[in-house]
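Okay, structure first, notes after.
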């Protein structure tokens, strides 16, 4: 099909041309004396992205799933108890992983479309007098439903309960796009991947561990080797890796971090908020509802849109794909067929999103959903113009 | 600025990723025994793009302007008379070139927003009993005003006048996007460049000469060397060039021709017509006028849009550039400040154009032009959906 | 430093320009209906590289080390006994991994510079009447010492002992460069990575499992999730992955497999043999010895060269790097400082190797090792010319 | 064929990976407000490469041949007299061009293998009392024979004769590789291309004109348009071009100039001298002669090597190409079949050249020329090691 594909799944996201270009590298000896000039600053600059000064960053040749396994196996011992909330496909997968890796998971089932409930966590932790629970996991952004949770509040809940459990946070679809503050929020293990806010292809997972997490790893007896913290720590100290790292991704990461630094991390976060606002304005103009139940759950990186009863979201997605050269995210599990998702994270701007909104409009119209053509676009345009005006006024003041 | 730039000038056009990739080539000896395997098919495949079987294609390392110089200097002698119509900046430039190269140009001044008037040409040629006029030049698509002319009618006019003048046609912004038929329309010199419908960067000009033009080149005495047909003909015969050719562009051309062939040239042309229709529907919905005076002049590759009195099109363009990361074409010369242009040629699809239309809408609104947000988008969407439906109906029938 | 770096470590190897180019891809939805068109043939074509028809290929986003972990954890249960030979840094690492993952390893210590001794394995297996040993691991090519082992003989030894142990083979630095025959040799788990014979950057590991290995994975109770066979099998069946795969590497793999198929796998293997012969001729001409003790251990993908007593191989390597823009492999562990290694696998030809040999010559001369300049080159040239002549004679016959 | 092709023709030269990467750019509006940020520094930095402060640099989308046409047509009028020396294929071509463009050429025929004879030029200019001769052309480096001429001496000869003729110098295969000093040597028109010392693909010609040349262009009446100085001057003043420029080449030029600046222009020139010395040492060791008759004519960018009587250089070249994946330059015209050429300019280092020398050795041996294998390599190695030692000693002092 002619023209550029409109990629609006919530990851992998569009790789900027600068990053694509930066990855066209000849191979080199990853044990050369020069190699650390590339790698050492990567670890430093990633700490800024996690907003941590105390944390230690790990880079694994793996998908984000690998970083979750690294977080669990390095810090927990067989049979350890984990407290986890489930309210979407990805929160479900981490629970499944924890169980398969041999941990006992206490699951807090939450309604899909809502997120982490700190008050429930606090209550359970308070009741856990003997500190059987070693880990609390929270998903900063549930990609399946477009729900963001308040991680700072989870930390407060743990602290309020006076509980020593480590806090594990899935930042796969939030890092470098939603506001995330590892140190301030006391996140012990922040897990992410390369193919979302970091604007790279998949293949590199990123994990930042607090000193408390590192300390836990010295005692944890889960079997591990590929993802072992200690092997990495030893090799990384001088800028090397225990095995051959994926060079193009490291060079791409170098450029992606430069782009983020040029725009400014807080500006990047503000841009995601502004762009997301346009999408939500469009949804409202269409007379539809986001899967996220309340504004407090709204995610700035992905919006899951509920199609009206009697329609199948799968038809919207396949029409968009086949007729308009656009990829939308599908509903998964509980919400399969009920929602389609617009990913709005990474290297995006207003016109790209307006193109996507207009495509979603046409695809919905084509399958018979009664939306007025142009209505969503107009609402988003109004949002963007107002946001621009506000930004200008603020600058002037 | 974040996200992909929206490039909506009428050239250079977006280079497809496949082509970009194909140009990443190591250098090689352009006199190697293998080199013709690359080059010889290029000439053959370009003939299909010009719809010629008799023509001879030339590829110059130059911009399209160079191919115009090649056309003139290879086929005309100093002082030869040229009949040319002027109705935009590019028709103006070719006249200026012809004059500077030492030819006498009889200029037909036409209103900007209109195009070639075959009946006038016929009249003048009929009057030229002694055949002083050696060349008739016509611009298939005047990029400055968004005006397409009927080249077949020009040929008929020349024939009706029984005149032997050669027909030179500027296809810079029409080749591989508007319907062009060199053989059927008796075009003697068709001139184009790489950076428009051929979806390549600039740097390669393309010219197709009829046997009559080649015959003329044997007698023409204008001085020439770099652009000389004969040097090229001799070297090209075996797949070589008289000087070092730009390898990445040749490899890119290989891929671009493959893409055109996969979509099918006539489908490419139909796609340009469909996409242009959406832009025109948007203009109408905005309550504005295209620079092209009548539907018969409407170009399917670029639309120049007249801003209402009291507004400066330059403001629309700079707002679009600075605020929405989009490049629009400026008005040139007579229409400077009065029009902005949306290029809609090359590797484009519906959603890209809807993004651009929404951007133009916002930029116009921002500078105070009273357009209803979403109105142009809605009109274009309706056009695209109707076109899709029609195409489906036709397929089914 | 000017000019192309001479990369002669035994991996990562040079990525051919075609592959580099093929990896410049925009992101796409890895759950799109088209995605399997890319992925399904990859699995099929990789089976040809492993010379298996019954095997099942797994592709992990990880380094080769990850594939080893996958092999162990999917097929063994905690406490299972593994029989492994150690004769170099990489055989050592796999033993270390097996131990850390909770298996009991019976180590056969072999002299570095030699390889797997099938007769010892047979003896031990015969003695293991109760079939405590579940796994026999063998390294096809020990990268640290430049030693290739006879894997077919290992299979025969296991069969001769009538023992049901699975055979695990490290083919990291042998796949697609040394002759490897999974089915014929009864290899149950063949482990490899992308950055050697497959001519890709690191980041993708490749594993081929026999039906017997797959059967074992159904019963093995080692904890695993990221590397789990079953998750992969389910998703791969329709061309998908359980998590986001590294798209550029998959596209690069597509092109690399095409290149291998164009040259022909057996021709690729013969080329590696021919090129390695030149390096060995050079070593002999220098009056030096390879680390591999006897011709039967000589590796066709890497040669470790012992420097004379009183010299430090590290100096040769750093001189080559700093003065001649060439990366050589260092000696590791037992042979640190005693050998330098020339990797000769992947996308290489005679002149590249002659450049490398001349560089090694100069670097050795610079640090005072008494080698005659040009002597190694001349010996390698003679080898290559003779091999060429032989090939021609064979073709003519 | 496997492995990297050895490109040892004297242009196009190897494009460094950094430059290749820098050319992977999306298209953009070449009339945008940002565009001059790219272009204006290019002109400034190129002046440093020409070693001029007064000169004006022109960049044409064309091959180097186009820049020659630009030099002639912008500064000469029909019938003007040109004094030109001929001693190779490229000096021949410029004479042919001058004649075809309508100038009267007084040819100084020099023996091939020698170069410009300033004393003859001085004599002729002294005799030209009425200053009929308007232009003296000189080729800094005749690529066909590997002959460098003393351009400073030509200037002195012109001055000694008190003659006002402009000095035109072909620096196509010398710029950014041989020592060239436009201002000091009083060069009025220095002509070059992108695909040699500038390490880019072909497609961009580069010309630097002295104020005297610019003044001449105001009066010269040769017809010109595409290559017109004035159009370029007007547009370039603000960083634009009169027609669409080849964006990838401009971005590549940006990176190439950065590379040259990082190494330092004088270091680049010294490197070319050092590398050429190795090639000449090899030729001597083979018992052969360069085409250049005396050391003072030796070129540091290309060596033409005379094969012994009874052998055809074409066989050497085709053997190198077909058997060893290497491109050598062919003998042209008078020296066709008699010489093969090794280009040694651009992005090269010692090991690349040693690989090439070893390949030439094998190819010669294969066709029966009695050269001792390894002899040329050994001589070049000795040269490089001595040059290194000298450089080190100098640094230490």
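For reference, chains read A, B, C and D in written order, and residue numbers begin at 1 within each chain.
The working rule: a contact is a pair of C-beta atoms (placed from the backbone, for glycine too) under 8 Å apart; a residue touches a chain by one contact, two chains touch by 3 or more.
It should be emphasised that the depicted structure is a prediction, and the values quoted were computed from it without experimental measurement.
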Per Cα centroids, the chain farthest from chain B: C
Self-contact between copies chain A and chain D, residue sets same or different by half: same
Distance from chain D to chain A - Cα centre to Cα centre, in angstrom: 54
Mean-CA-position distance for chain B and chain A (Å): 45
Chain B: positions in contact with at least two other chains: 4, 14, 17, 20, 24, 26
In the complex, chain C residues that touch chain D: 1-4, 6, 14, 17, 24, 263, 268, 271, 323-326, 347-352, 354-356, 358-359, 361-362, 365-366, 372-375, 377-379, 381-382, 384-385, 388
Contact footprint of chain B on chain C as seen in their complex: 17, 20-22, 24-26
Residue ranges of chain B in contact with chain D within the complex: 4-5, 7, 9, 11-15, 20, 23-24, 26-33, 60-66, 69, 78, 96-97, 100-102, 193, 195, 201-204, 222-228, 242-249, 318, 321, 327, 330
